[in-house]
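Residue numbering begins at 1 within each chain, and the chains themselves are lettered A, B, C, D, E and F in the order written.
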Amino acid sequence: MSAMASVAPPVEPYYQPCGDEVAIFEQCHARQLAIMLKGPTGCGKTRFVEHMAWRLKRPLITISCHDDLSASDLVGRFLIGHQGTHWAEGPLTRAVREGAICYLDEVVEARQDTVVVLHPLTDHRRILPLDKIGEILEASPHFQLVVSYNPGYQRILKDLKPSTRQRFVALDFDFPPAEREIAIVIHEGATDYATAHALVTLAHRLRALQDRGLAEVPSTRLLIATARLITSGIAAQAACRAALISPLSDDAVLVAAMRDLVDLTFI
Amino acid sequence: MSAMASVAPPVEPYYQPCGDEVAIFEQCHARQLAIMLKGPTGCGKTRFVEHMAWRLKRPLITISCHDDLSASDLVGRFLIGHQGTHWAEGPLTRAVREGAICYLDEVVEARQDTVVVLHPLTDHRRILPLDKIGEILEASPHFQLVVSYNPGYQRILKDLKPSTRQRFVALDFDFPPAEREIAIVIHEGATDYATAHALVTLAHRLRALQDRGLAEVPSTRLLIATARLITSGIAAQAACRAALISPLSDDAVLVAAMRDLVDLTFI
Amino acid sequence: MSAMASVAPPVEPYYQPCGDEVAIFEQCHARQLAIMLKGPTGCGKTRFVEHMAWRLKRPLITISCHDDLSASDLVGRFLIGHQGTHWAEGPLTRAVREGAICYLDEVVEARQDTVVVLHPLTDHRRILPLDKIGEILEASPHFQLVVSYNPGYQRILKDLKPSTRQRFVALDFDFPPAEREIAIVIHEGATDYATAHALVTLAHRLRALQDRGLAEVPSTRLLIATARLITSGIAAQAACRAALISPLSDDAVLVAAMRDLVDLTFI
Amino acid sequence: MSAMASVAPPVEPYYQPCGDEVAIFEQCHARQLAIMLKGPTGCGKTRFVEHMAWRLKRPLITISCHDDLSASDLVGRFLIGHQGTHWAEGPLTRAVREGAICYLDEVVEARQDTVVVLHPLTDHRRILPLDKIGEILEASPHFQLVVSYNPGYQRILKDLKPSTRQRFVALDFDFPPAEREIAIVIHEGATDYATAHALVTLAHRLRALQDRGLAEVPSTRLLIATARLITSGIAAQAACRAALISPLSDDAVLVAAMRDLVDLTFI
Amino acid sequence: MSAMASVAPPVEPYYQPCGDEVAIFEQCHARQLAIMLKGPTGCGKTRFVEHMAWRLKRPLITISCHDDLSASDLVGRFLIGHQGTHWAEGPLTRAVREGAICYLDEVVEARQDTVVVLHPLTDHRRILPLDKIGEILEASPHFQLVVSYNPGYQRILKDLKPSTRQRFVALDFDFPPAEREIAIVIHEGATDYATAHALVTLAHRLRALQDRGLAEVPSTRLLIATARLITSGIAAQAACRAALISPLSDDAVLVAAMRDLVDLTFI
Amino acid sequence: MSAMASVAPPVEPYYQPCGDEVAIFEQCHARQLAIMLKGPTGCGKTRFVEHMAWRLKRPLITISCHDDLSASDLVGRFLIGHQGTHWAEGPLTRAVREGAICYLDEVVEARQDTVVVLHPLTDHRRILPLDKIGEILEASPHFQLVVSYNPGYQRILKDLKPSTRQRFVALDFDFPPAEREIAIVIHEGATDYATAHALVTLAHRLRALQDRGLAEVPSTRLLIATARLITSGIAAQAACRAALISPLSDDAVLVAAMRDLVDLTFI
């Protein structure tokens, strides 16, 4: 068990840039602007943040958001010890103080009281009020807030408030172009060009099914998992069924259509 | 009362493989990929996991998911003792540290805050952030996450998020073919071939009623319970009514139709 | 105040069997199968369980289920004492350890987190995980789980999950046939044959009103209460109104119809 | 501040019987049957229970039910003191142990977990399980449970479960006949016959408005309050408006109609 | 910081009576009848209660009701100190014991468990059961309960239960007639007759807009605030826009119509 | 970490007045009237309050409102220390005592129990009841309450109650006229006139899209962020996409239309 990551990643995390996202991130960091990453599941948002943390030589603190994440989980709380209560600092507070990159993954899943805590950190004030201990923490000049979400995944009840959205510079992500995705599958899936090419071709065919009822299209992550199984000796069609098709849907008709595409690709 | 199972099952649990599920599980374990088991109630998912724990010589920690299972129930919490608070580690944390197989049964019943805790364990990071004690636990290379659910049981409000599904390799389960199910009923129900054959024939007839309003078809588990009662001396038709028909439905018409099928099978 | 019942009932509880329910219960107990009792309010389910506890010489622990019964209420919780926290065992845990019959009355009223706690006790594992103290309790071979519910009482939102139902052998209960019900009313209501006969005749007429809007038909329990009031000297019609008609409905038309049936029976 | 009423009312509470309710209550008490009082607001149910407590020489413990009344509020809970936790007995537990009359007013307002606590007290068992301290309290032979509710007040979501209703003998209450209500208004309102007669006449006219949208008709309690104001020197019409009309409705049309009836009565 | 008001207001609070409300309040106080004030926002209900407290020489304890006000907030709760728990009396309990006037403002906003606590204080019993410390507090003969609400403000889900309403004598309030409202605006707004006359004229015109969509008409309180701004040197039209129009609505059409009426009044 | 701001801002915060808002704020402060700021996101409301705090030489305490902000968060709570509980004063209480400006940002997001706490501070009483410690705090004559919200952002369930609205003088804010907004963008975005002019022209075009589905139009804050990126060397069109367009919407059609406007502006 290691202490919570307070140093920058020591090794450069593998990342293939696909536009000006590195430059914009660097300038936002220099100008103290918060960043919002928009894009589908498994397209590389988390990896990009790790890469930037390494590039900017800043520690990275990642928080997965969900319905039950409270403001206290971010900021801190009092714990009862054998000498009365003591203040236990939360991960956001530590990031603000140490000048880390704080990455809130899937921020739309968070409750409003979590999100609103970010507001005074994302305008000219750059402060974090610690109401419970009656102090105001001024953010380190190196502190960088990054949030992410998937705009393609339909939610009925949840959305970021406009007054929150306007506090961020937004970077749009999508799956990489074919050749770059093939390179990634080869590198991460430890497979050969032919297999990676076939998997990416299949992915493009499957992604075209989104309009026919697929809740979410297969991510690069799924292609990598499939490649790994094939490399392990599992037959390509069995690996595709287990690692690519079955995770995507429980609908018998959709699954049959996707299996046909698998058979078409790996005759 | 024994300490919580931290050793692999000592005896091989009875399991009849029905495809390449053993090989895929082994490769996922070797490649550190999380596994999702999909299939109806009582078709052998739990037994399969026990079998794989024995095969891989890993301890097995099972958690039944439900609406009120919190992230703290999985990860751990502070308890107040006579020397202040101390940290009480949860079952997931122990599995991550000890390299056990952690099996979350009926994972769709869990709340989002429970499910999201699994995310950093199911991508390249393989970490479990312990926010409450400010540490990050790196998973043992032997740690294996397995989740299960029943895709045939319709839920209106609950489903796994696509961004969660894409973190797993999925294995599809169904009831075994007739001859294998007969073998299982003989072995587990301590009955003879004729009774087991009759019960499996009856099960096939009852399973055909699903389109006529049966919420869930009879599982192999129910056949085993019926077989045991018959072996105990209860008349076959009475045993079928109590252990096979009555648990499936409260609907008078459906029950009458099912009892007719019982009478047809055991004249 | 006596310690919580950990011995079998010392005297045989009065019970009139009406089928093979005693034999099936005994075999389920011998084969370690859980039991589900289905039937209307006040038809004798609780009495049957008491009778079986006496017959099998096992202690009986009864728990009335409701919306707010938590898993901790069943399993146990930590309490704060003057030497820090200590573990206070719940009634289910005690039953599992001592080999008692644990009877969960009206189980459909319980929340899912209560019900799911029963799952590992109702398959081949027969264990009760005590997550909070990090132990797994193996059930005594004498432990017997019994649950009950009333399938005739319509609920919109609540039902047992199919994956729960298939873990039980089910016994169907209904009101006893006329002569047996008369015998019960004489015995429990301390009344004569004529009165008991009239009350049971009236009950049969009232039970025919279910299709005309009566939420639930009068139970044997209500007949016994009415008989006791008549024995006490209250006029038969006044006793029927107070103990039989008024508890059943607030609907003026239904009450008038039922009062007519009372007048018809006790001219 | 006096200790919580554990003695019977020392003076006979004023009560005018209107049928066989006294005899039935006495026999239910002798036969250990629980009692349910049904009737409109302010018609004398609480007064009747006080009268019976005096008559039977039993202490009376009254509990007003509401949505937030928990089972612990009734049964008891652990409190933290300077020597660790100690058990603080609830009012129901005290009534059960001391043999008091326990009166749950407006029982339909209570949550299901409150109501279900009453079940083992209302059948042949007559016990109160104290789960939190692991004991079972057998009820004193003098313990008497009484609940009340108003069947005329429409509730959409709340109702007693049939399985609860069948545990009580029910007594129906309504406003008293004119001459008796006049006598009550004279006695309690300290007024003369003419005023009381006029007020009761007015009440009969107002009660006829129920079909025209009045949520609840004026109770005897309102007539008494009005009589007191008139006795105090407030003009009859002003007193009727303040104490009789305005509490009944905020609807301008209904209020105008009711004021016309006041003017008609007190020209 | 002064101790919580346990003495009557030392100076006569300014109040202009508009009917027999003073006499009825005095008689209710003498006869121990609870009082309900009905009327629009800002028409003087709070001021009237302060005036009566001064007149009757009773301390006044005011409680603003809302959704999260619990019964414990009113009655009291246990707090943990360095010698275990101690009982901290709530404001209602203090009022009941000391014989103060307890004023629950906007009582319909309170939860049912708060409201039901008032029931035994508002009938012949005049008691406050303190369940948590096992005592019953008899109300001081000087204790006076007053509640208020605004019947004109439409609520879909919230309303007082009929059984609660019938426990109060009700006094209807409305805005004062023109000349009296002018006098109040002069006195409280420190303005001249011409300005007060113009503001009250404007108020009458604005109040006529209620049928055209205004959620609530301007109160006397708003007129006073406007008068103060004008007295401060702010131009009349600017003062009316800021203190009278803008607080009433966000609807552009309504605001334009109201601004036209302002211009019409202050040419 | 600095102590929570209890002194006025030492340097004049940059603010461009656009009407009589400064005078009205000053007079409200002198006359002890509470203030409500209405206007769109990012138009300068927070900056205005900071400016007024500097101008009036009062400390400023800012609280971002949200669904989970409780009355205790504002007023204070008991914390457990090594000598029992002690009272920890909340930010509102401190502002009331010290005579600070207390600014509740986005007050409509707060729960009713938070809002109702403000009521006795916003009428002639100017008190803050501290129920938990049994005291009443009279506000310092310098205490000034300011709340803000955005009337243009549609909420279905949330709105201020009319009885709350009528307790404030309201100041309407909107985006500044073109020349003033250009001046602000030059000053805050560190850019030249040409870029600022182009950005403000673009903003006017984008703001015209509100009727075509844009949830909220771009604020001055977004223009400043865009200007900073351009100054940093990011190409104007890339900067506009990241800092101006992408934060506003996820809708592909709207985004395309907005990008066309960007291209039109920066050919």
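Rule of thumb we're sticking to: a residue touches a chain if its C-beta (ideal position, glycine included) is under 8 Å from a C-beta of that chain, and two chains touch if they have at least 3 such contacts.
Just so it is clear, the model here is predicted, and its values are computed rather than measured.
Colleague: Using the contact definition stated above, find the chains touching both chain C and chain E.
Modeller: Both-contact set = D.
Colleague: Please identify each chain that touches chain A as well as chain E.
Modeller: Per touch definition, common to chain A and chain E: F.
Colleague: Please tell me whether the contact surfaces of chain A and chain B are same or different in residue numbering, using the over-half criterion.
Modeller: Under half shared, hence different.
Colleague: Once you find the CA centre of chain B and the CA centre of chain D, what distance in Å lies between them?
Modeller: 52
Colleague: Rounded to a whole Å, what is the gap between the Cα centroids of chain C and chain F?
Modeller: 60
Colleague: For chain D versus chain E, what separation do you get between their C-alpha means, in angstrom?
Modeller: 30
Colleague: Mind pulling the residue numbers of chain F that touch at least two other chains?
Modeller: Within chain F, residues 80, 83 contact more than one other chain.
Colleague: How would you write out the ring of chains in order, opening with chain A and then chain F?
Modeller: Here the ring order, chain A leading and chain F following, is A, F, E, D, C, B.
Colleague: Tell me, which parts of chain F touch chain A in their complex?
Modeller: 1-5, 41-42, 46-47, 62-69, 73, 79-83, 88-91, 94, 105-106, 109, 150, 153, 188, 215-216, 218-219, 221-222, 225, 228-229, 232-235, 238-239, 242-243, 246-248, 250
Colleague: Which chain D residues qualify as touching chain C in the complex?
Modeller: Per the touch definition, chain D meets chain C at residues 20, 23-24, 27-28, 30-31, 33, 36, 38, 70-71, 78, 80, 83-85, 97, 111-113, 115-117, 119-120, 123-124, 129-132, 134-138, 151, 161-163, 165-172.
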